[in-house]
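Got a structure for you, written out below as structure tokens; questions coming shortly.
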Amino acid sequence: MRKLDVAILGATGAVGQRFIQLLEDHPWFRVNEVAGSHRSAGKQYVDAAHWILNGNPPARVAGLRVKGLDDDFDSPLVFSALPKEAALSREMELAAAGHVVCTNASANRMLEDVPLLLPEVNADHIGLVDIQRRQRGWTSGALIANSNCTVMPVVMALKPLLTYGLSRLHLVSEQAVSGAGYPGVSSMDMIDNIIPFVPGDEQKMESESRKMLGYFNGEGIDKLDVVVSATCTRVPVLDGHLVNISVGLDEGPALSSILDDWTTWQAADPVLSLPSAPDHPLQYLDQIDRPQPRRDREAGGGMMTSIGRLRECPILGYKFAALSHNTVRGAAGCSIINAELMAVLGYIEGFRVREAAEAT
Amino acid sequence: MRKLDVAILGATGAVGQRFIQLLEDHPWFRVNEVAGSHRSAGKQYVDAAHWILNGNPPARVAGLRVKGLDDDFDSPLVFSALPKEAALSREMELAAAGHVVCTNASANRMLEDVPLLLPEVNADHIGLVDIQRRQRGWTSGALIANSNCTVMPVVMALKPLLTYGLSRLHLVSEQAVSGAGYPGVSSMDMIDNIIPFVPGDEQKMESESRKMLGYFNGEGIDKLDVVVSATCTRVPVLDGHLVNISVGLDEGPALSSILDDWTTWQAADPVLSLPSAPDHPLQYLDQIDRPQPRRDREAGGGMMTSIGRLRECPILGYKFAALSHNTVRGAAGCSIINAELMAVLGYIEGFRVREAAEAT
Amino acid sequence: MRKLDVAILGATGAVGQRFIQLLEDHPWFRVNEVAGSHRSAGKQYVDAAHWILNGNPPARVAGLRVKGLDDDFDSPLVFSALPKEAALSREMELAAAGHVVCTNASANRMLEDVPLLLPEVNADHIGLVDIQRRQRGWTSGALIANSNCTVMPVVMALKPLLTYGLSRLHLVSEQAVSGAGYPGVSSMDMIDNIIPFVPGDEQKMESESRKMLGYFNGEGIDKLDVVVSATCTRVPVLDGHLVNISVGLDEGPALSSILDDWTTWQAADPVLSLPSAPDHPLQYLDQIDRPQPRRDREAGGGMMTSIGRLRECPILGYKFAALSHNTVRGAAGCSIINAELMAVLGYIEGFRVREAAEAT
Amino acid sequence: MRKLDVAILGATGAVGQRFIQLLEDHPWFRVNEVAGSHRSAGKQYVDAAHWILNGNPPARVAGLRVKGLDDDFDSPLVFSALPKEAALSREMELAAAGHVVCTNASANRMLEDVPLLLPEVNADHIGLVDIQRRQRGWTSGALIANSNCTVMPVVMALKPLLTYGLSRLHLVSEQAVSGAGYPGVSSMDMIDNIIPFVPGDEQKMESESRKMLGYFNGEGIDKLDVVVSATCTRVPVLDGHLVNISVGLDEGPALSSILDDWTTWQAADPVLSLPSAPDHPLQYLDQIDRPQPRRDREAGGGMMTSIGRLRECPILGYKFAALSHNTVRGAAGCSIINAELMAVLGYIEGFRVREAAEAT
């Protein structure tokens, strides 16, 4: 019994490299195909990619020949780290051709039949895949998205609080440069500086959070009815997005109840048992000056969200800070855990997780 | 006719150095005495101070002998850059001894008879000096404070909007390391990192803004009745505090009205004519990614506040970003313009501004 | 009597912007034309340029319409901040058409009849312009280059030591990111990192220093016979290149003699009187931890070179560190002072400096 | 069969924390005692230490009570991360009292009977322990030092080249801030800046490298006869010291021979089998812009040295760059591998490695 072959689209970019790094020793999946733009196609991966993560690309992937984005792919599972424009139609074509496509691109996120999946938060949204297949006439193919990397820690931190009635949400982010890809933000803009604007992210904070926290009614998502105000800023940090969150909760719980909710929260099976799932999705840090991007982004292998500074907000009720690793849990790692959930629920044709697990 | 002699307390520290730099070519004031802790006292300034600003200390000050903080001072005007504990009683003693003390320390800011002065915003608060002198039996002495360096851009940006009725104020700051003095924040905390907490500043944001925007009723300050929620964070920036501001305005003005209010706002005489006063206290930047600390902190010689990103806030009504140079307008420069106002209004005994001005 | 009109090629880039900033209040020159690539041509400058220096572009230039690089220019004096490939033939064409072209590009630096001019060091190399005009049949046109921005502080520091007999020169640079232009170096490469390689600069250090320190024999330059070994590295600094220099001097002077040579060195007239010339080209800093890029790059308006840490080298004889502002003295500022020298020596047809000077 | 108890002196500091982190899952050693200054003594470790590494201190150590430095210790093995002054006599006392003391402090490094141990380079220097015990009358006690963190990558890279005859060595370092401890270098000195001086390190580069590369003659170390010239600079990097090395080799080997020597070099047993020993002490990186601190410091768990940019030096013969993690291989990790060598060679009384190994 062998691992499932996967293809990575946009494999030479910042998120593509993170996919390759995170999949290096994955128990179920194996990188079999890498694809990039016409500048990269035809080259060996090690020559096509300017590797920007630590160390060097894993040896096996380094030797793969980069395919073109329009080539056919053999791998049943496809991870997409494509830019928005490239993703728009190509992801759909591949899903229509029978591939399960787990995408980090924003292009198709807000389509009504595409789940914006964060397994601990909304595993049941995967039901949209059945709708999607029925409506589009697909059998084995599917398209599953993960959210914007700044929305992610917000949604994770709020999920356990939804029962209190979430009315208003005020967000000010301090985002790492890796969120803009490579080369992305010029060092001439970031040394001794911050930029009080991140193109497109404020809108995504407002729309994607409502979808992710929404209710799957069997046919679609009823978006959460919450007023969101977001400000997104860029800071000279490599990885790790921190969001300063003020929130109104209708029931007015005690701070201690919120702390309890966060620290006791665990995903249920099958999510809890997924290879990439941390034991606890959240950790609360007692130190008054945490979470900090550099010190906390690696928690749970980059898959945990760290929270700190819970206190009362004189205007909205409550405030705190939440932090996630934007290119792990907020991007490649989220696509991977989404694919794991697809696999364990039998959505990937011909791949039985039990045997894969036994083989590891 | 000669310039007024001034003494600088805490002259070897980060803010003390900024006082010396800003006073180098001041038309009215001349640094005559510098004072520091027992470690510095007795040394030449150039030997006592580890100069951390650009270049080297001005030649004339470099040769001054550093006095002890408990020594007597000849200078009628005293600028204090003392740490809070050292400032608490020493500033009062010097004011009682007849000195006009303009302080950047937080120790005495919230005393009822001490003005928290920002001339363009609340020049009339200087009337507290008369109360102070009457109540304390001082004749020539006085104690005038300037605000916390993060409160300052907020108060400056809101002053022209007060007529709309300011109800709620939500603040998230991104503050430069120089706000913590020298050596202050360790480089091991700031490389590739942010710190989501600045000791003491959130409380100051809430209390000092209400006092500065308050009404001088002839006997004291009626604080502004506004609910303030502040979060203060530290970012790897040398100088320049940026605050992300969301605000509720009762009258609901058009965005264009607010822009007009900001760009047309000028201080009236005598404030407008003070040597350190910029022509306009505020500038609004049209670019969507401004203000930025490194690019905008030097506006108006560091004495202007830069605003950008005005837009609607779905929760509070309006939001925007404001930025000031924290050690110029937010610290030493503010003490200096406060002293200029004291001088021009005749509060500094024996110093007539007109002749000083003619002498320049 | 009016100022001389100048055109700036590559006006929207990092060095182009520095030209505009430095020329804002120039006593002799006035920016009259700005030119950029086809993406910029036709737009107003303020819309074409993403202004990356502090503040905003000067108002008068902001309103200029950007010309194409292949357009004709009216200005007798042309400053070029073009990329190497664009510079190669276009600078020659403009010089042939009668313009005095002062270029910062590397394309034509090493041509035998093009002076690599640094006025305090080799003002007499301007004699190559006569050779150039004679050989190429030009009358009013000329092409004058300035050196690579990392070579510049080395040459400046060594010039006063040439009489001791310079035999060997070992250089390790720590270079600012602005040396790579904008956007240049990605912030993902520079946060918490250094890069031990700068493309092309090591070769330039070795070849350009020998030309600049060479002897003009009336017909050409006899390059200095010195063995140079250069290593160039990139560090997370905005502006200011620091070079760690070890040098062999045949005569073995005392350290104190070298200090004397540096601190007493002044350019002779007419160089000393040029508007952009600092009183002293060099300053020696006594503090053991200087020069530092951020604290010393602005010395003399960015036109001085700062030196520190002179001591014995057990291998080569002497070692020290030298620092210059790479986009001021090492780029735009050097082109400007070169043009000033051309002007004062009468190489710019129809422009008489005396009257310009009187008009200021 | 249980692990060997170890004590850590200076456990709350930057290097002390790195000891605790690296020992968390050590197969042979177990942190049993932590000691700090009088400010820390008596507190629980988690309260005494401001943890500056990623995440939080390991749970078991977090609960230990911090001992005073003058207390008695039960642990046979003591790691010292003390400041120089505190280390000077206390380390000797503990060794005299029977403890094996592996120190990172510089205080006793250059004593004639103290080995400056880097196992892959000079494992035989451990013979000095026999001299030490004989001369000082110690039976179970010993004092073993590791080198300055900047010397370390130099010595590691040169060891395989010693057979060519090492004559001259020119070094320019670019050092991380963690080398100065915590809080160490102020962020006000490091943002947008470098410092061209590191107190004390240039002398250590010159003296320690000669001792480490020296020959153990059975009674003492014959230092290597090589002329060393070192310049040490500080850069805004968290961890990882890079050294630009120029070297003269008498035999003039081909570049390819040097590459072979580096890449084939492996330590012999027992060093190769030590738990903290990497398979290869060195890795050569082919990319022209490597090694880089952030991307290469973690190679081999921070225990490998990365080399790149080998090329000819017109002055000395050869040049290249070498990089090591300064607080892992250059500090705590080196003390640990030194202790492992002591253990496996039977220098730690009552501790038999084989059984410890089997127990893991």
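The chains carry the letters A, B, C and D, assigned in the order they are written, with residues numbered from 1 in each.
FYI, a residue touches a chain if its C-beta (ideal position, glycine included) is under 8 Å from a C-beta of that chain, and two chains touch if they have at least 3 such contacts.
Fair warning: this is a prediction, and the values are worked out from it, not measured in the lab.
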Chain D and chain C - chains in contact with each: A, B
Most widely separated chain from chain A, with each centre as the mean of CA atoms: C
Pair with more cross-chain C-beta pairs in contact, given A-D and B-D: B-D
Whole-Å separation of chain centres (CA-atom averages), chain A against chain B: 44
Euclidean distance of C-alpha centroids - chain A vs chain D, Å: 40
Mean-CA-position distance for chain D and chain B (Å): 48
Residues of chain C engaged with two or more neighbouring chains: 52, 189, 191-192, 236-238, 294-295
Chain C partner contacts - residues on chain B that touch it in the complex: 52-56, 191-192, 238, 285, 294-296, 298-299
Complex contact set, residues of chain D against chain C: 168-170, 172, 174, 189, 191-197, 206, 227-229, 231, 233, 235-238, 242, 244, 246, 288-295, 308-309, 313-316, 319, 321
Residues of chain C that touch chain A when the two form their complex: 14, 52, 177-178, 182-192, 236-238
